[in-house]
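Accompanying notes for the structure given below.
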Amino acid sequence: MSLTGIYPVPLKRDEALELVRQMLRIRRFEEACAELYGAGKIRGFLHLYIGEEAVAAGALTVLQPEDAIVATYREHGHALVRGIAARAVMAEMYGKVTGCCRGRGGSMHLFDAATRFFGGNAIVGGGLPLAVGLALADHLQGIARVTACFFGEGAVAEGAFHESMNLAALWRLPVLFCCENNGYAMGTALERSESQTDLCAKAASYRIAALPVDGMDVVAVRHATQAAAAEVRAGAGPRFLEYRTYRFRAHSMFDPDLYRPKEEVEEWKKRGPLHTFTDRLKAQQLFAEADFERLEAEVAAEIKSAIEFAEASAWEPVEDLTRDVVAAEAAS
Amino acid sequence: MSEKLSYREAMREALRSALRRDPRVFLMGEDVGRYGGSYAVSLGLLEEFGAERIRDAPLSELGFVGAGIGAALGGLRPIVEIMTVNFSLLALDQLVNTAAALRHMTGGQLHVPLVVRMATGAGRQLAAQHSHSLEGWYAHVPGLRVLAPATVADARGMLWPALEDPDPVLIFEHAQLYNVEEPASSAVGDVDIRRAHVRRAGRDLTLIAYGGMLPRTLAAAGQLAAEGIDAEVVDLRVLRPLDATTVLESVRRTHRAVIVDEEWRSGSFAAEVSARIMEQAFYDLDAPVARVCAAEVPVPYAKHLEDAALPQLPAIVAAARSVLGARPA
Amino acid sequence: MDEAALRATVVTLLQKIAPELDPATLDAALPLREQVDLDSMDFLNFLVAIEKRLQVAIPESDYEQLRTLDDLVRYLGAREPTP
Amino acid sequence: MIEFRLPSLGADMDQGTLLEWRVRPGDVVKKGDVLALVDTTKAAIDVECWHPGTVLDLVVAPGQTVAVGTVMARLLEPGEDPATVPPATPVAAVAAVTAPAAASAAPALAAVAPPAARQPVSPAARRRATELGVALETIVGTGPGGAVSLRDVEDAATRKTTPRDRSQEIRGTIAAAMSRAKREIPHYYLSDDVPLGTATEWLRRTNAGRPVSERLLIAALYLRAVALAAVRHPAMNGWFVDGAFRPSAAVHVGMAISLRGGGLIAPAIHAVEQLSLADTMRALSDVVSRARAGRLRREELTEATITLTNLGDDSVTAVHGIIAPPQVALVGAGQVSERPWVVGGQVVAMPAVTLTLAADHRVSDGHAGARFLADIAAQLQRPEAL
């Protein structure tokens, strides 16, 4: 956590406010989701990102629109920051036809081709080889863009992680591996699932330049991601960032959260990305309480509108059930 | 006494009893220990048996399933839990290329006394990567025994016979069944893991189901009874080796068969059952064999679409009526 | 051939066309075709058989005279045998 | 070695009873020779051989009922050594026919497979019907898709009094075929009174100089007239199969023949358009006598492309018939009678017949049917050209 600490935020006010706004959007959106889940509006599995907002907000705001994003089943934040409309995400959570995947994917499977957002993957490690392939396509076509692949530290235990790291390094592909290390793979702590808990060392063993980042510090995330993405974009091959972060909520709505001490959770909450960042901004006179109130109001309006939109939206007609299994002309 | 036992508890009791009975038995899988199992089946076992025998594994399905095979070769009786059948695809190589093949490939020198448990099936809005029913794929593979306990009694009584089997046994637990309760008194003793079981006797047609489709199929039989149609319900419960005898005996009596299967129709296990009936009871059939299967789509998230994709009670009832023709038999 | 023999022969030939015929029920004075259910083809075949057996030529113009068994016996008795 | 199997001779034939062998072991046969007489639900039928050879052994005994496809006899191919042929396996009676034996029937018989859609019968019902001796054709199915079910068969068996009654079976066959026709074929009907003064006079003169055996019947004129007209109106001549009409180049006229003791059969007289009138008459005479004797050939039962029904011997004016599927047209003729007819402004007594046409609206329309009927009428005005 070398980059942690009170140091000046080297950002313009509008850049800083944007980061606050994005983190706030994620936080409030997910709080609403948790409530709606309790109300039965959202079903299936719901994995909340609360506590980890700095990673999505810091990383995705410095990626380019032409870059590709691959994410996990804990991807609401990434989807929102990437620019998928909150209403389309919320409608998807509701299972409505106006959702980004027509209500077929739900929380774990958010996709949006328009913003090159390639999911939304509920198989741990499943996105890594996909990201390698997206980067391979760019590489072969001579397109200088980045594929940012988000995955949890639990995925490091999968064979797919190792195969993907090796392929990307071997072929010098433009992949930015974004490991969101929140310490627990579902209920299993990193030290109980990895013999080598230094994840950067694993990446380094594939000769991939790797850097640990304080995932609770949105500025650190932003700067590390910006630098690494620039190298990847320049053709330097893959880079690996380990964002050390923490989820404040349980793994999913159905998780009694018995595997970690409450004190640990409370300790991490003191480092919550939202309030630590706004505290620093206030200390620098870049941010006032009024700003916060204004952002809160904006975000609240956006989420209220998203919920209203989802509520008012229609279900996909059942007759369309078999649509899009394969291309229409090939269907029979 | 009308003490109730849930399917989940029955499975836990089966694990507990096996762990107590045979020191070679251990449980291994993702979050089986401290977390208590993703479906809370193994909750509390860590405290009783310790971390060596209730062994949390990293998210390394290929690795720990393969390790289970090795441990079985090494003289133990591993029970490996895979979170869902969708995740088992990551371990398909070890299951098919190693566990199933070893005995035959080595000319009988080696065998793999391994039990693999996993959740299967849809119905909880978990969408296309957590909802599928692929047990028929495994039932395709010689060298495996494939079980699908559909009742609390079977959940309680299948594990020990599976552990006694000298060859690999896969147990598919439909996630919708975990909360099903039956009187505890019904779940005693081992279950014959070679035989299908007639859950309801009837004269007019045979409804054939397994796993998660059994309760729904029994409900359909109840509804048909109200219409004066007397349906027999056969619970396959062993998908491999298929107990064709029980199925055929029933069909030879009723002359009509409807197979209910949560798998996709094409290449489904229902297709295998249907083919057996056609091959071995063709001249006993009084109507074409009917199948009620899932729509051929990845299971969608939205509730109404998921419902539409899965075999539902009205479809089972309608299929039963259709094989009866213009009038009840 | 006397009349009785002629009658017996005709009935035998008729039975070949209409095997179910019970001669005892046949009224020799009533039209044959209705009683025995002979259509024109049966009748033609019947005449063919008579011609062959009795060597009697029966012109089509005489068909009208051959309505009953008695007609036939009388007609054939007058012509048989053909020289 | 040649296996002589019981062929499928009709849409509804599953089995047959061997009545008699026409050959003995050692007989040399050529293609087309009749080897056996087989009783079916419809008629006793001569079954011929498709290959030249020498009869080695007769596997099925007279009286035995066997499934379609059963090997009935074995023949040595020309030059084949009998020592190389394994002994024949005895044939099970039909009630015990096993699945493979029945299944093996299909490939060899594909070429002569009937065009009509097969009556849907459940396998269990089919087996039970065999056990009970119930003719499936007589049963209206109530199972899925209208298939005959086990219960239908058992119900029919309890109703049945004389299991092997031929006329009842034929009645059932007709019932099934005609029910199907009325169910599936949208019929339309046309009729026309056709003067036959010229034709009857021509017949009278022609027959006057002929021995009985060479005399012509008006039915022969109808046959030729229908055949010649059908050549020019292909929409009346052919089969409607699998949802499409397949016209036939040849005109095989199915001649409706009433059977003694009831029932009807309409064997085909082949390629009538190519026969002389005298040959047509001979063919008609032959087919009638064989039909009445129950001795038809398989082609005659399955290959008609249009039907002619002549009720001229009955005192009816017109017959509005039902098309025999898969055919698409039926021509009917009533009694020839003298009717008042205006000729050159005078009313005269004119022998005339009412001709009717029943045709399949899926294939043709009334206008086409009217032209066909008019063509037949025109043919009948020129009997010498028939």
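Per-chain residue numbering starts at 1, and chain names A, B, C and D are given in the order in which the chains are listed.
Rule of thumb we're sticking to: contacts are C-beta pairs under 8 Å (C-beta built on N, C-alpha and C of every residue); 3 or more make two chains touch, one makes a residue touch a chain.
Keep in mind it's a predicted model, so treat the numbers as computed, not measured.
Chains making contact with chain A as well as with chain C: none in this assembly. When every pair of chains is scored by its C-beta contact pairs, the maximum goes to A-B.
Comparing per-chain C-alpha centres with the mean over every protein C-alpha atom, the closest match is chain B. The chain with its CA mean position farthest from that of chain B is C. Mean C-alpha positions place chain A and chain D at a centre distance of 78 Å. In terms of their C-alpha centroids, the spacing between chain C and chain D amounts to 30 Å. One finds 56 Å separating the Cα centroids of chain B and chain D. With each centre defined as the average position of its C-alpha atoms, the distance from chain A to chain B rounds to 36 Å.
Along chain C, no residue makes contact with two or more other chains.
Contacts with at least two other chains are made by no residue of chain D. In terms of inter-chain touching, the protein chains here are arranged end to end in an open line. Pairwise, the chains that touch each other are A-B, B-D, C-D. Residues 30-31, 34-36, 38, 56-63, 86-87, 90, 124-130, 295-298, 300-305, 308-309 of chain B are the ones that touch chain A when the two sit in their complex. Across the interface of their complex, chain C is touched by residues 204, 207-208, 211-213, 215, 217-219, 258, 260-261, 284-285, 288-289, 312-313 of chain D. Put simply, chain A touches chain B in their complex at residues 43-45, 95-96, 103-106, 108-109, 121-126, 154-155, 157-160, 185-188, 192-194, 255-256, 258-259, 315-316, 318, 321-322, 325. Those residues of chain B that touch chain D in the complex are listed here as 255, 282-288, 322-327, 329. Per the touch definition, chain C reaches chain D in the complex via residues 18-20, 33, 37, 39-41, 44-45, 47-48, 50-52, 57-61.
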